[in-house]
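In what follows, subunit A forms one complex with subunit B and a second complex with subunit C.
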Partner chain A sequence: MSLCRLQQQLLSDSVPPRPLIDEIVPMSNLREEYENGSAAFVNQIDSLTARGYDSVRRTRGDGDCFYRSLAFAYVERILQSPEPDFAVASSVSALAATRDSLDKAGIDKIVYEDIYDEFVGLISTIVQPNSAGKKLDSAGLLLAFQSPEMSNAVVVYMRFLTSAEIRVHRENYEAFLIHPETHEPMGVDAFCANIVEPLGKEADHVEIQALCAALQLNVDVAYLNGGSEEGVVDFIPFRYASGSESLPLVLLYRPGHYDLLIKGKQGEQELRH
Partner chain B sequence: MASISARRLAKELREIQGEGCPVGISLLKADDFATWWFSIEVMGESLYQNEAYTLQFRFDSQYPISSPAVQFVVTDGKQAPIHPHVYSNGHICASILGNEWSPVLSVVAVCVTLQSMLASCKKKERPTDNDRYVRTAPENPKKVRCHLPKSVSSANSFPDTIPL
Partner chain C sequence: MDARLRRVNKEIADCKNDKTSNIRIELIDESPFHLKGSFPGPDGTPYEGGHFEVDIVIPESYPFQPVKMKFITKVYHPNISSASGAICLDILKDAWSPVLTLKSTLISLQSLLCSPEPNDPQDAEVAKHYSTSKSSFEDTAIYWTQIYAGGPGPKEKKGKGSSRSDVRDEVAIAGLEKAHVDQFEALGFQRSKVIDVLRRLNYRGANVAQITDDRVVEELLK
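Entry: the complex of A and B
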């Protein structure tokens, strides 16, 4: 490691850690980090901005960023639905059905029911006031996802859904399970037990596929990887929603990390608050 | 509502009290949601025949998201089993107690894994770095950084629970 990199590392180590998930910030916030570095990254950021993706919601790089940002976007979509009663009811019934696949995957009830209750409870407060008489709003959602107890419980439920999907539909996934460090092929059970279920282990293509399938979501992952000097950004689509017109949730991938990518109006609205 | 940690531990305790533990494992004491003690014995033929050990579990408010702190008790005349992954101060080098912990595991599952770790042992010996480790060991066994060649992981010692 060069001296300069080492210094940077020391600097960033002394900065207090980023919240588990942060407020929306303009794309320029991300751009500044690359302005003295890679032109390819800067060009890609500019092309995203030109396409209307002008803001980003950043997450802590703790290995859970994919699960945390996807879960956040999932709940936020329900919260912003024009018909919240219907959106909450369909989400709660879809989540109730996921318990069957956890059972089939051999995950004990005792292990998942508390975190399931916690997650469904959070979604329900979008329409039903909690014990303090308060419904969930955007500020409350952000707070919930910044509190380790709630936020990590949700991450664990996402991990269980991913694991159950891979275990139950193993024939769809087993050819693609690779150890993230050694790149050796792995069996379904070892992969789920060692890479998917423990906290802090990063997600890759297979996990994204499995979680989108389990939650029946449409997701786009925008690859900000310096791969194109001209600034072209690939969007990798994952399409699992039953109603095909459902707009995808958009994640921003940079090597080893996921944030949420936000387009025009939504970002503007929130920034004005 | 009680915390996730208290709710989960209350359920685990009810299940242990209602259905009992697997053979060779028994609950010695659980008066709160902070510290539990178990007796653990290897059944059948093994290097540890007729030896019973005491395991201590300490839980923080983040359980089961974060792992319990698990160690063998080495006070009141009790000793840790002599095993290549168990230090003489009772700390255990097992990846499922560290970076491979997952909330899928429970207190009983940890007991069973450690029981099978003892059952499969071929030679009674301490870890090679035992003396150095014990001299500088942190109080909390969760802070153990394992550098032993092959530590106990859930992939090879935890029974496959898939019914399909």
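Entry: the complex of A and C
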């Protein structure tokens, strides 16, 4: 190996990549990255903190961050439910029903049944001990989402749900499908095959809408984009839960990336564990 | 059992049970992660009647990473390397998604044979041939299908010596005209060298008029 390549390798070895999804960290961790840069971003971060959003759970910027963080928040919500038996049962039955829409969308059973089993299996261990006699706890959930095999299986299931929702209810989406780079309009099938189903392709408004609809979720996306000098942060609501009182899961958007945004109490609880 | 093995086993079984598709997947050795796929060349193409084999390697993180495929059978096609069998197809690269299977990927290879994309070539020389003279390209592809994939050969071209013989016609393999090769061989150059140079210069169809004899000789002298 040449000296130059050796040096490069040493350099890249010394900076380990961010985990697929990380421990909760205080907002100041994110703030530091902007302190020498954009004042608008810093002001927005401060205003989020002032609203009680004092922590963040960061994900790797691999193009799958939206799907990964949403899935994590989805399972974590079940895990933290005051009635876990009920929460698990209703999630498992809702997920079972999603298989119909995958079938309708023409997604082959062969390609989804294993990852479906893994995802449902993970959720079930919240109440049913696994083969090692252990139930899923916060640490176990983080570990599961940090292991590429489980984590990517879940991401792929999220992508299939998104794709199936768009394909099956195409009339709701087809007017809004735009190629993320060329900004040309795209057809439903090409959009799903090229932008939604492959790993590593970033999600935009349409995909968020479709996945929230497929999983019947309430989600808020907070836009940290330097768009306001005064630090105003827009929260874009996606409301698809049947029980309207369901608190939204909150994602933090920065251009090209999604993390999870966490409000005080929840963050403190997590950090204390 | 690990997820990759489970899925690959299912895919192999599914392909076996599917009597309607003409895609086959077989083991090459003991490993379920190194396979051989095969399918007939599509009708109405120069590949009709041929049997095409594909080497399949299932990577560690399949199905999250694309399967690796290359042709074992030599194929004359703009998007397939005539030397290595490497394939230029988006779904084998960044357009791969876990919704695809070995079978659907092999079907995509089969349709690639129907619809060459000379603007995104894997084999630049073959792509030039295709763009310069489609009919000459097709003759060559039919000949390759005959000698490498067991195809029927050209359809009754009178007196062109298309009867099967064990001697491979190097001029036809290179997609050239015998008269052109003879012409430069007569100047005293080695036949294999003439074939090589004329192939690289894409000495075919309308291009012939663009390339002076001096230019050819210059290349031959290099």
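In this section, the second predicted complex is superposed on the first by the 259 of 273 C-alpha atoms of A that agree within 3 Å, B and C clash if a C-alpha of one lies under 4 Å from a C-alpha of the other, contacts with A are read in each partner's own complex, and residues count from 1 in each chain.
Definition applied: a residue touches a chain if its C-beta (ideal position, glycine included) is under 8 Å from a C-beta of that chain, and two chains touch if they have at least 3 such contacts.
The structure displayed is predicted, hence computed values, not measured ones.
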State whether subunit B and subunit C clash or fit side by side on subunit A once the two structures are superposed. clash
In this superposition, the partner of subunit A with more touched residues, subunit B or subunit C, is B
For A:156, using the defined touch cut-off, is the partner it touches subunit B, subunit C, both, or neither? Pick first, second, both or neither. both
Of the partners subunit B and subunit C, which touch A:148 in the superposed model: first, second, both, neither? both
Identify the partner contact of A:194: answer first if only subunit B is touched, second if only subunit C is, both if each is, neither if none is. both
Partner chain(s) touched by A:97 [first = subunit B, second = subunit C, both, neither]: neither
Using the superposition on chain A described above, determine whether A:167 touches subunit B (first), subunit C (second), both, or neither. first
After overlaying the two complexes on chain A, where does the subunit B footprint on subunit A coincide with the subunit C footprint? 107-108, 110-111, 114-115, 118, 148-149, 152-153, 156, 159-160, 163, 193-194, 197-200
In their shared complex, at which residues does subunit B touch subunit A? 3-4, 7-8, 11-12, 15, 61-62, 64-66, 99-106, 153-155, 158, 160-164
Contact footprint of subunit A on subunit C as seen in their complex: 3, 6-7, 10-11, 14, 61, 63-64, 94-101, 104
The residues of subunit A that touch subunit C in their complex are 107-108, 110-111, 114-115, 118, 148-149, 152-153, 156, 159-160, 163, 193-194, 197-200
Taking the complex as given, what residues does subunit A use to touch subunit B? 104-108, 110-111, 114-115, 118, 148-149, 152-153, 156, 159-160, 163, 167-168, 170, 189-190, 193-194, 197-200
